[in-house]
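Structure in structure tokens, see below.
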Amino acid sequence: MPTSELSRIFANDRLTADVFRLIVHAPEIAAAAAPGQFVMVQVSSSLDPLLRRPFSIHSRGADGSISLLFKVVGRGTELLAKARPGDTLDLLGPFGRGFDLSAAEKPVCLIGGGMGIAPLLFLAQELPDRKHALLGARNRDELAPLAKEFAELGCAVQLATDDGSLGHHGFIPDLLDEVLPDVSQVCTCGPSPMMRGVARKCRAAEVSCQVSLETHMACGMGACLGCAVPGRDGSYVHVCKEGPVFNSEELPWEL
Amino acid sequence: METLDLRVRIGALELQNPVLTASGTFGYAQEFEPFLNLNRLGGIIVKGISLEPRAGNPPPRIVETACGMLNAIGLENVGVDRFISEKMPYLRTLTAPLIVNILGDSLDDYRELACRLDEVPGISGIEVNISCPNVKKGGVAFGSVPEMAAAVTAAVRGATKLPLIVKLSPNVTDITVMAKAVEAAGADAVSLINTLIGMAINAETRRPRLANIIGGLSGPAVKPIALRMVWQTARAVSIPVIGIGGIGTAEDAVEFLLAGATAVQVGTANFYDPSAAEKIVAGLKEYLQRHNEERISNLIGALDTGGK
Amino acid sequence: METLDLRVRIGALELQNPVLTASGTFGYAQEFEPFLNLNRLGGIIVKGISLEPRAGNPPPRIVETACGMLNAIGLENVGVDRFISEKMPYLRTLTAPLIVNILGDSLDDYRELACRLDEVPGISGIEVNISCPNVKKGGVAFGSVPEMAAAVTAAVRGATKLPLIVKLSPNVTDITVMAKAVEAAGADAVSLINTLIGMAINAETRRPRLANIIGGLSGPAVKPIALRMVWQTARAVSIPVIGIGGIGTAEDAVEFLLAGATAVQVGTANFYDPSAAEKIVAGLKEYLQRHNEERISNLIGALDTGGK
Amino acid sequence: MPTSELSRIFANDRLTADVFRLIVHAPEIAAAAAPGQFVMVQVSSSLDPLLRRPFSIHSRGADGSISLLFKVVGRGTELLAKARPGDTLDLLGPFGRGFDLSAAEKPVCLIGGGMGIAPLLFLAQELPDRKHALLGARNRDELAPLAKEFAELGCAVQLATDDGSLGHHGFIPDLLDEVLPDVSQVCTCGPSPMMRGVARKCRAAEVSCQVSLETHMACGMGACLGCAVPGRDGSYVHVCKEGPVFNSEELPWEL
């Protein structure tokens, strides 16, 4: 059950030039949250920008906190970057359908690219011991701090960067072949081309693949129908309600 | 103060307070249960329903604008059958009156929808969205031609005894002409405004921000236009006027009441503040107390224009 | 890059770039001298001028709204005589083309204004504000009836050879009908939009926030509506369209050009950022460079709608 | 000549629950400013609120700074109250016609009520030695810190508070009779009833009275014509251009 929470900001740390990690005290949302779900954040006390912004829950703390990992890409995230410890943040959530791990027997493989890594850390926190994490980002700066945390949660971590400054120089799907035989479930979040590549390989290997989508949202709770994306057979699915996590087979991706 | 009287009347329908939710911005109500007490509202208006289910427009369907948003949802809805079988069971459990918003491509569509809903228990009123294109008349919106608006109203009026609200489009030269036409055709009330037609462009990609190119503008940005149209309309017709457009606070609601609205609808505000409607009810009570006013009905049309 | 070509053409008038200032938001230009280089602008449109001086409306005349403002200045101006004797000497010293906005209560007013200005050296064009009430026709705005708009256009056309821009009101059902009417009557270009009629109320005092009760809405709030109307109009007429409404940045200006505007006017933004117009000129250059585009004219109507 | 200046905030001190004194480094505006003139302040980086807010120049520092004295009354001033030292503030100014002291032979009397005191401190800074200051406010908290500064600038200060907590219990015009014979010029800013009362007494005593008006402004520079107030004989005067300081005889006040 989602809720509305005026949460106190514990920290808003700049990880790189444009990536921040925000930690807030939101015990009700934290208690209700499952990996893959998101919150709707009010980024301004004024009417401009008007709408809340969706962010995945990046991790959950034992102290009733949750964290968000975000990149500054526009006005809303610029304002969020200015939030300071002690300020309050108006949150709604948790919303959406998270990752479904009921059918995972063998290890799960988490595949994240860029800010798509955000929900996967929470997932790593909640998964049993053995799991893989294939993580990609633009460069070492962005990737290194995150990679460490996945490793600490017991993931077998492999990395890729666009510029080769850390790990494999290239794309994450390249790393997948080696790992696939060992896994029963892939969970991925990141740029669409990456997720398509991953889904294609999973399909070939007959491994179930869950993908987490992003789209523009006005409400986050199924009321505006603004978050539709194409489903199968000319229908639409609503990212905030039927997703953000979908089984890749639910989507009309030309695999 | 136990003596505060927030009741208002829309035709035969008495509302416990004048705060309704606007169609298309409140889903089928259940989505908002975590955020407010639905039964505290004056009434609930659900997403527009058509005869057949509609898939809606391709994405992107929404874009934020300065103090507002554009939507081109394309009237996606489950259709009247699934509405009755899937949504009504929950909606019937609510004590707040339910008003169903309907839309069609032809007079027949509207008539049949009204017939179908007339039989369904738990529905307190019908709101007719006439901003839709008339497919038989080459796609001209019913809501921009007085005769066509009157024809839709008469068709629905003939098919149901439920209180009938006609929702007016602001994209016209003179909204009072439209209001008078539907009043004469049997509407019990008019609600206004629906969205203003707008557009947004991505300068970098040189493409429209909505797949549908144009969409409907709503939110605080449109409030001054809505308020003016409500004020003009309330002076032109004798049926109740329901004010819509950018209402997000009790102060906004009071402004619409003073301009002549008998009730108000909360739209886009539900998205950024899902408990807005209930907060507005509470805020109206607080306003009445502060102003030593017992009845909310005393505010309706009470704008002091110094005799103008 | 010295090869950038920002020139656009409005009838016989060539502008060095497409950025004009909107009437009523730029005073008589001199006020802005401390904040920008007037001669860098594509052109300057000054406050609307009538035959006789007008005192304007009683205060309050302005009120801020969500991302916008309402004004009911009441067309206060010094009148054509004082405009020519007091304002023209300074305006003539500028190299940026000067366009004079005119308004009247009757066809005769408009005709006479055009005659008077036609003789004055230093005027590069006339913009006709038709959002004014026609006192002979019971106060119906010239701008809401196509025949009346055409009549004003023809009257001015007959009185001057200066490039003639007709400024359209957005408070109509179909702005393309108005545009086509004035095009047929001899306009060299249309500019749009003028302000949307709106209203604001003080909930505490229960009084209108403007002494005039209603006023004109402008600013970023109206941009989506303006952009849509420009897009529709540019496809309906073959004369140039000048886009106005909520333009405050080069990105906004590009959006209007892509929608089909040949030039743009900066209005309310001049108030909160008096160097906005010059910044937009600079920003357009930067945009062309970034997009490897030599001519701004390549952007006009270049919206990629995927064939729709 | 007005100018546009991105100025650095030196201080934003809370004087009472809702009154602040903001000090900014704005050397060009400071150099051009005259007492009674005002600046237009951008209170938000977003488009809501859209318009700048006018504030009188409260004082000028030797270091190229100016100060503003403001009360939180709405959204714009609420935002301004949150500005912190080190932030930049976007200012335009100085605008308007300030106090004209060319004809003052005998001492000048400054009469301020509430935030109307703001421009008078700058005036006191610029005036030759002997001058009177009659200052009124709601209560001691608001008045005491200001009174001290006028005294330091050589004013013979008399005070009045609405609640009697400091000085005369009542209105400032009550204090005027005693002082009037000694002055050749009165300069007043504050609530309209106060200024009318002052103007009435000045007229009776044939002492010139300059009043500083407030009204809603969109531009501050004579472009929007939004700041009109009734002048004499059914005309309007524009507060930003012909004012904010007027000779009381220019106004249609029923004296």
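What to note about this one:
Every chain is named by a letter (A, B, C and D) in the order it is written, and numbering of its residues begins at 1.
The rule is simple: contacts are C-beta pairs under 8 Å (C-beta built on N, C-alpha and C of every residue); 3 or more make two chains touch, one makes a residue touch a chain.
Bear in mind the structure is a predicted one, so any value in this text is a computation, not a measurement.
Between chain A and chain C, the least number of touch steps comes to 1. Look at where the CA atoms of chain A average out and do the same for chain B: the two points lie 36 Å apart.
Each chain gets one centre point, the mean of its Cα atoms, and the points for chain B and chain D are 47 Å apart. Each chain gets a centre from the mean of its Cα atoms; for chain B and chain C, those two points are 34 Å apart.
Computed from the mean C-alpha positions, the centre of chain A lies at a distance of 54 Å from the centre of chain D. Touching of two or more other chains is recorded for residues 47-49 of chain D.
Annotation for chain B: residues 66-68, 219-220 touch two or more other chains. Because contacts link each chain to all the remaining chains, their graph is best described as complete.
Across the interface of their complex, chain C is touched by residues 1-4, 42, 47-52, 92, 215-219, 221-230, 234-236 of chain D.
Contacts from chain C toward chain A in the complex involve residues 66-67, 220. Per the touch definition, chain A reaches chain D in the complex via residues 44, 46-49, 75. Those residues of chain C that touch chain B in the shared complex are 65-68, 70, 144, 171-174, 196-201, 203, 205-208, 213-214, 217, 219-225, 227-228, 231, 246, 251, 254-255, 258-259, 287, 302-306, 308. On the chain A side of its complex with chain C, the touching residues are 47-48.
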